Amino acid sequence: MNGLKECRSTWNYRTADTLNDALTGADFVVISIMPGTFDEMESDVHAPEAFGIWQSVGDTTGPGGLFRALRTIPMFEEFAAAIRTCCPDAWVINYTNPMTLCVKTLYRVFPQIKAFGCCHEVFGTQELLGKVLRDVAGIPDVEREDIKVNVVGVNHFTWLTATRYQDIDLYPLYRKFAEKYRATGYKEKADNNWLNHYFTSREKVKLDLFLRFGVIAAAGDRHLAEFCPGSWYLKNPETVRSWGFELTPVSWRREELKERLARSERLYTGTEQPKVSLTGEEGVQQMRALLGLRDLVTNVNLPNTGQIPNLPLGAVVETNAHFCADSVRPVMAGPLPETIYPLVNRICGIQELLSTAAAQRDLSMAFQAFLMDPNMPLGPEDAGKLFEIMRKNTASYLTMYQE
Amino acid sequence: MNGLKECRSTWNYRTADTLNDALTGADFVVISIMPGTFDEMESDVHAPEAFGIWQSVGDTTGPGGLFRALRTIPMFEEFAAAIRTCCPDAWVINYTNPMTLCVKTLYRVFPQIKAFGCCHEVFGTQELLGKVLRDVAGIPDVEREDIKVNVVGVNHFTWLTATRYQDIDLYPLYRKFAEKYRATGYKEKADNNWLNHYFTSREKVKLDLFLRFGVIAAAGDRHLAEFCPGSWYLKNPETVRSWGFELTPVSWRREELKERLARSERLYTGTEQPKVSLTGEEGVQQMRALLGLRDLVTNVNLPNTGQIPNLPLGAVVETNAHFCADSVRPVMAGPLPETIYPLVNRICGIQELLSTAAAQRDLSMAFQAFLMDPNMPLGPEDAGKLFEIMRKNTASYLTMYQE
Amino acid sequence: MNGLKECRSTWNYRTADTLNDALTGADFVVISIMPGTFDEMESDVHAPEAFGIWQSVGDTTGPGGLFRALRTIPMFEEFAAAIRTCCPDAWVINYTNPMTLCVKTLYRVFPQIKAFGCCHEVFGTQELLGKVLRDVAGIPDVEREDIKVNVVGVNHFTWLTATRYQDIDLYPLYRKFAEKYRATGYKEKADNNWLNHYFTSREKVKLDLFLRFGVIAAAGDRHLAEFCPGSWYLKNPETVRSWGFELTPVSWRREELKERLARSERLYTGTEQPKVSLTGEEGVQQMRALLGLRDLVTNVNLPNTGQIPNLPLGAVVETNAHFCADSVRPVMAGPLPETIYPLVNRICGIQELLSTAAAQRDLSMAFQAFLMDPNMPLGPEDAGKLFEIMRKNTASYLTMYQE
Amino acid sequence: MNGLKECRSTWNYRTADTLNDALTGADFVVISIMPGTFDEMESDVHAPEAFGIWQSVGDTTGPGGLFRALRTIPMFEEFAAAIRTCCPDAWVINYTNPMTLCVKTLYRVFPQIKAFGCCHEVFGTQELLGKVLRDVAGIPDVEREDIKVNVVGVNHFTWLTATRYQDIDLYPLYRKFAEKYRATGYKEKADNNWLNHYFTSREKVKLDLFLRFGVIAAAGDRHLAEFCPGSWYLKNPETVRSWGFELTPVSWRREELKERLARSERLYTGTEQPKVSLTGEEGVQQMRALLGLRDLVTNVNLPNTGQIPNLPLGAVVETNAHFCADSVRPVMAGPLPETIYPLVNRICGIQELLSTAAAQRDLSMAFQAFLMDPNMPLGPEDAGKLFEIMRKNTASYLTMYQE
């Protein structure tokens, strides 16, 4: 990369053989891992299908998200402990899912950690609001950074209680938009060329949640659907299709990975030339702000110290935060509106329970959380069978738990 | 009554033609009403069955409890307003269900009201604990007042986080008991002669909840089951039977009422002689304490001012409270254990939402609560059909709501 | 004692040579110590007089209370650690002053401790209210247990926000009483034969605080005065006298101790016969309740878990609590009335600061608390001189602090 | 102004004859009034001197601030009511002192008001930190906006718990600076040409507070001194001088006003030409942000919704807040450090009490607050005399209060 003439600065890259080697001397730690392999993800996503449980992503909540959490939390315990030892003053940015539980684990193990979780789902909703401006009000080309939003919720189940562009309140525009597209869904032509249809949606879930509860949901439909009772949007593949999104099969992820690895090989061997361009990655701006080079207010995942007064203190929540020199402080987001409070608080409580279950290596407590999931239509007996199947499928990553 | 020789004191009875007449000059107000008739209750309990939803009581939660609340809340608004006008300093004891929302409404309309809700379910669990003492530890004849309990939760979904008899911790005894009777359930012979089998259970739900979540549930199984996801104990009549309790049909209530009315007639005409005996009714002791004649600590329903720190302030919760001269103050019950927090907090949030929906006469908001109920397996479309059927069935009591 | 015929039960007494020996096997631990000797107390109480600072007790707050705390807190750290080791399940009753900081230290060092602080000052105010009933309403001989009170505040600066005898609200009676005796003070003839005038007062401070702030103060005047700005009641000995109470000199305490020791000698040698009588000591009833033999609601000192919502969580506060089998739970006392909130919260904050200063062995932080005391009229320079004098006077008990 | 060639935009000015006329149609309301005249201020500041009470400003706290509040609060009640009627959606910026109580009153009367209080004292401290950078670290010319600060406290008694310039932590530098100038104070040459020495200081109070309590105080010394016990910095004029600041006499303010009015006259008659320049006024940037033209994080006064968790909810506090399109939301500032908690919380409680006293037009309650002020060395009797003198002096502005 450093040889490319478009490249304006020189970068030093190094791979490390051990965690401690990687962390020692770090100013910033970026955590972005795949916990386990696609084999475990195959179980997470698809094993429940035999019991009539369908998941669109399976990495955050639901039976799949739960098992992913069980194997990820012990890894994050190691990360937190190593950061405490090797670079306690470093800023830690997590991108790994399940976001809430990853960030929770970092703070549980090392309460003084300077960590936050960065997720792109709200940004996608800001982009959608830009399209709303164009579609309903004829205002084109608004950048997502110029769409101001107040964010409340937990990761992937985030909501906007206020949103404006300059002096325009976007709530009434969004209502028009939602009513216009409630039946058909909204689909921009060619709005993604690198991601295929498994990642896109017609925003019907988002519009339905708005029309039903009066608050703008701010994550992709595939995520939002998984936090609602399974009977709403995920009853079966036909229901999913009728809501305009897709269940992402792990087989597709395997194929897509093959393509990415092939491209890596081409880049490495010089068969393909890398292109240098700005990614727009928020993490870059977050780091610049932490270095004291700018102010930034953006949404991140942090333990609740009161920014959402009606969620439990200490639970990891997603709201705006103010980034400046060596400082990230939540902006007071205010309470969850009462129409969505029961939906979100339930998730919050289940994730806290799962956090304790993993911390105590207690699969029986994890099963309690499993039973309470909104996308769990089974009674205790059948749920127990599914739990045991999923545990066995991923047992090599769960050796620290007693059976 | 005053003519009976066993009667030690003279009572004056008066029926009143108007609410204001009844309330003016009152020192104590006891509210115990049937909101609507058995026709409405027939709809509450049985209409959902056509959609595969089974309810054991249907008066507190679930589709039936929700519609009962919708017609009850406006009545309680009238009660609260009349009490504010006619007897603002009176103590108000509510026995009507849905308990939580009745008490909530009294405080919403008249925040200075001196009201609390009294329910007998916890007392029943204390009696069960007496049987545990006999069965497991060979200690007979312990009075329920001598079983000390710390109560947390919401009405009919209450839990005991600590319970002792003198210097004996009942938790380990209860575990033995639960393991002994988990398969068969526990049934005392002839433990009720005035209530038939529709009101009894084998305590299997209670024991299962304990073995699963580690906390003693303190209400009848028929109530407890309705607050859990429908798939657990109420999937269908066979499941219900396998858990050792019964669905109480409204037809049985009609019959039972006929008998009670017949007995009233016999008492009125002198065909039958009344018998005077102590009822053991807690309300009597509560009144004596409020008059400054004794101290009493017992469990009641009151707005949360912090007695359960992890439930929302202002929501009506059930905990112990200290009764003394003109004073009822909650005892700090402590937080809900995290294993049951998601179950109970969900109920709390849904009931707060329903309270607002009724206050605003907003059926669309009420439908949001309907959709979120743990005993609601339907998607929005089918749920909407059921809601509309139940609304029409009880429309004469819902005229204050816009359709 | 066991030989006396009036003695109904047999007691075993044992002195122990070590703390661990005393604690091992204990079910109840009663802590009642003199931290240091009268020489240190001489400094606590009288050294500030040279700087124009007068103290009526000097054991809880003010310069004297602060130095007493500095030498007491390390002792209580040892007690807490030993209890954790030797008898972690024992109930611990503290009578030692400074009460708030003793109880705070027990919980700081051993958070799971089952401890509370018992103080008799509120009981004295209940007795005064009995006299109010007689004096103003002609109702004689009411027992203090029958005067119901709601207690809020911190130890020795406690207040009653409600008080009743049966159906009589004592607030209007107390107002009549306060107006009647505001000028002269109230003095019952011969109301104490075992304590001389250094412990009595004419209740003028208490009545003045009521007339000024509208809330009944519930501790002896000698204590109450010390928590108010020094200019109010403690400006100089003449001011003190004009308010009808006395500064208790340590010389008197020395004399009184001599007498008590002489009596002990007489009892030991048989020159004097012991008399057996009920003391009315609340601790006995508290123990009986903890053993499950009765219910009891009485006022004690405990960490704030929300019983006083407008004082900091974790600070030790005094309110009613419900005692029953192996359980002490605060009764929700409600917020401090806003007229007295600034007075009490200030004390609470200073004591929390002093707790941290002692925990960190930081005399410079202790001096911050010293400077903020309501009975501290000096600027930093003079205050520093006094602090150093008092430190040197008591240096043999402060060896664990860095100078 | 519009005729000046340097003037880039056209402004329309209008004076209004009535409050309603001024407010109708307003998008922004700026409140900057003198409550009463210099005659009242003369009493506020100087009347207490006869009782040995010295005040450096007398407009925020202390006896002077209290009487200023008593006459200002009823005015702000009118403002709030008129805003509710005439322009409920306008943003309201208050500059008037006493800031805390002015903002409190606006929210008390009209809870939905979109108001905040803007004060320049923290900005002055940021400028001082720029000088620290130059003096101690040799880094010149840093703009105050580039000094990042976390603000906690109440207006004029604000503190910085963290402050950085880029990657430099200013706390260790400030410690060096404080130790260097603790004896002499710090004085830049010719750092003010328009304000005379009555407004400047040598920062000795600020440095002393830092060295004593370990936290950077962020307001002018003249204000800070008034919130501390009077014996610390305001004992008498000599003490004041020894701390390097001045008591601002009202006579000086009268003179200075004459000069300003004379200049107005010259500008009006054209004898003097106006000069157009940027003021750097933060209010301009706040308005631009509210219009959606930029993001801004700056410190303002707002009701506490949890941004300072250990101050009472609802009390007006000063912290950073995020300004964006039609939105001002506090940034979580975190708790007050425990060393300064008793100092600041006391003020907060007194101001809440004074707010209620004024709302209820209760001078007796106002006198309670008067007695509790840190700069009140008098006992109740003398304090009562002073209170009565000050009341009479300003009686024409206090007609709404019962005597």
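Going by the order they are written in, the chains are A, B, C and D; count residues from 1 in each one.
In this section, contacts are C-beta pairs under 8 Å (C-beta built on N, C-alpha and C of every residue); 3 or more make two chains touch, one makes a residue touch a chain.
Predicted, not measured: the structure shown is a model, and the values here were computed from it.
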> Can you spot which of B-C, A-D or A-B is a repeat of the C-D interface, where more than half the contact pairs line up?
Replying inline: A-B
> Farthest chain from chain A, comparing Cα centres?
Replying inline: C
>> Averaging over Cα atoms per chain, report the distance between chain B and chain D in Å.
In response: 55
>> Centroid from C-alpha atoms only, then distance chain A to chain D, rounded to Å. What do you get?
In response: 43
> How far is the middle of chain A from the middle of chain B, if each middle is the mean of its Cα atoms, in Å?
Replying inline: 41
>> I need the residues of chain B touching at least two other chains; which ones are they?
In response: none
> Which word fits the touch map of the chains here: line, ring, star, complete or other?
Replying inline: ring
>> Judged by the touch rule stated earlier, which pairs of chains are there in contact?
In response: A-B, A-D, B-C, C-D
> Can you list the chain A residues touching chain B in their complex?
Replying inline: 208, 212-213, 229, 231-232, 235, 239, 310, 312, 338-339, 341-343, 345-346, 349-350, 352-353, 356, 365, 368-369, 371-372, 376-380
> Which residues, counting only chain C, touch chain B once they are in their complex?
Replying inline: 146, 148, 150, 162, 164-167, 169, 291-293, 295, 297, 305-307, 309, 320, 322, 324-327, 329-334
